[in-house]
Amino acid sequence: MTLDLVYFAWVRERIGVAGERVDTGAQTVAELVAELSAREARYAAAFADLSALRCAVDQELADFDAPLAGAREVAFFPPMTGG
Amino acid sequence: MTLDLVYFAWVRERIGVAGERVDTGAQTVAELVAELSAREARYAAAFADLSALRCAVDQELADFDAPLAGAREVAFFPPMTGG
Amino acid sequence: MDVRVQESGFDFGAEAAAFAAGRRDAGAVVTFTGIVRDDGGDLREMLIEHYPGMTERAITAIAGEAATRWALDGVLVIHRHGRMTPGEMIMMVATAARHRADAFAAAEFLMDYLKSRAPFWKKEITAHGAAWVAATVSDEAALGRW
Amino acid sequence: MDVRVQESGFDFGAEAAAFAAGRRDAGAVVTFTGIVRDDGGDLREMLIEHYPGMTERAITAIAGEAATRWALDGVLVIHRHGRMTPGEMIMMVATAARHRADAFAAAEFLMDYLKSRAPFWKKEITAHGAAWVAATVSDEAALGRW
């Protein structure tokens, strides 16, 4: 499965890119996180503390156990600070 | 004791004047109300239901049992509808 | 603290902008505006009577109470009296604070007290006649939460 | 419902006036404005990053939820992204309703959700460096009341 990944705020800064396209067999967001973290230290650093992280699947907030079947875009970012 | 009385909204309309100066021996607002109500029917009509009435002594909201000693101005009006 | 009781209209946008302008210390500004509402479609005008002297005093006391309860950087109250037509603005309040919870709470408190404790009385003039607006139980009850 | 996400500044007074103008059915208009606050006196600028596409979608969903919960006659949300300096306005919301309780509640609800559920991230740039603003426990907790 091909996914577009996008990163924001300090997640973007730690990973070093604003987004990328990946091929993955991950079934859930959590599996994707584990796969990326195993790949390179910068991902492991960005994803070290999942409680400090939020994710969205196809631009909707999601849990880390959300399934990826049919997804096109997954985003990772810290808790939001709008307003 | 000489007091300036002022009336607002339908209290003013029922009594027929916006204000007047009276001489009274009343010790409290309630005594003043009783004195005025005994004087003329238009006062009795305006003061018939005290629960629908509010009063102020020297421009501060007051209870009907408030003392009149030292007071200069007493106001009668319906519940306020500002804002 | 800026309290104005006046017969003339006011420019809500200009007042709101001036109130918010240049605040580098207050992160939150809340405004409330009350507009003459024409529920039945037959309201010709609204007449607001007030108690000159007591009005300013009561509003200033209410605003002072708000300033003791919440950490505010500014309070504005403008309230009109006299005649106005549907769609016209009756009054506005504005509050500025570091935190939004304070600005919101103070604005709601001001409104609740202005509704029931500032000496204004509204009269509605329709095609069918004139009637004083009755105070509502809910407006009186709203004071209970503070 | 009017939702705008933009980099450029906005004219708070003009927006507030236009939102309130001509409302004969809504008696109550509430606005909230967030301003870049310079707490320590050394903030040079604030940088707001957002998630294009999701931002508009999230705000529209939040505004739609407000419209189902309260009897509203209008909702406006403007939120900026990009660089801004202390004293500049970051965002505003405005709500119109027949009754003030609805207008106030909806504006507070919108603010609570925009704070924690719309994809914006603030970074503060001071003389000492740059730091992402951390989400606060109280902002997250504020959602619990709705």
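Order of writing sets the labels: A, B, C and D. Residues in every chain begin at 1.
FYI, a contact is a pair of C-beta atoms (placed from the backbone, for glycine too) under 8 Å apart; a residue touches a chain by one contact, two chains touch by 3 or more.
All values derive from a computational prediction rather than experimental measurement.
Using the average of C-alpha coordinates as each chain's centre, A ends up farthest from chain C.
One simple way to say how far apart two chains are is to compare their mean CA positions; for chain A and chain D this gives 26 Å.
Separating the CA-averaged centres of chain A and chain B is a span of 72 Å. Each chain gets one centre point, the mean of its Cα atoms, and the points for chain C and chain D are 23 Å apart.
For the pair chain A and chain C, the distance between C-alpha centroids works out to 48 Å. Multi-chain contact residues, meaning those touching two or more other chains, occur in chain C at positions 34, 100, 111. Touching of two or more other chains is recorded for residues 83 of chain B.
Under the contact rule defined at the top, the touching pairs of chains are A-D, B-C, C-D.
Across the interface of their complex, chain D is touched by residues 6, 8-10, 12, 56, 59-61, 75, 77-83 of chain A. The touching residues of chain D, when paired with chain A in their complex, are 34, 48-51, 53-54, 57-58, 79, 90-91, 111, 114-123, 132-135, 139-140. The residues of chain D lying in touch with chain C in their complex are 11-18, 20, 22-39, 86-87, 89, 98, 100-101, 103-104, 107-108, 111, 142.
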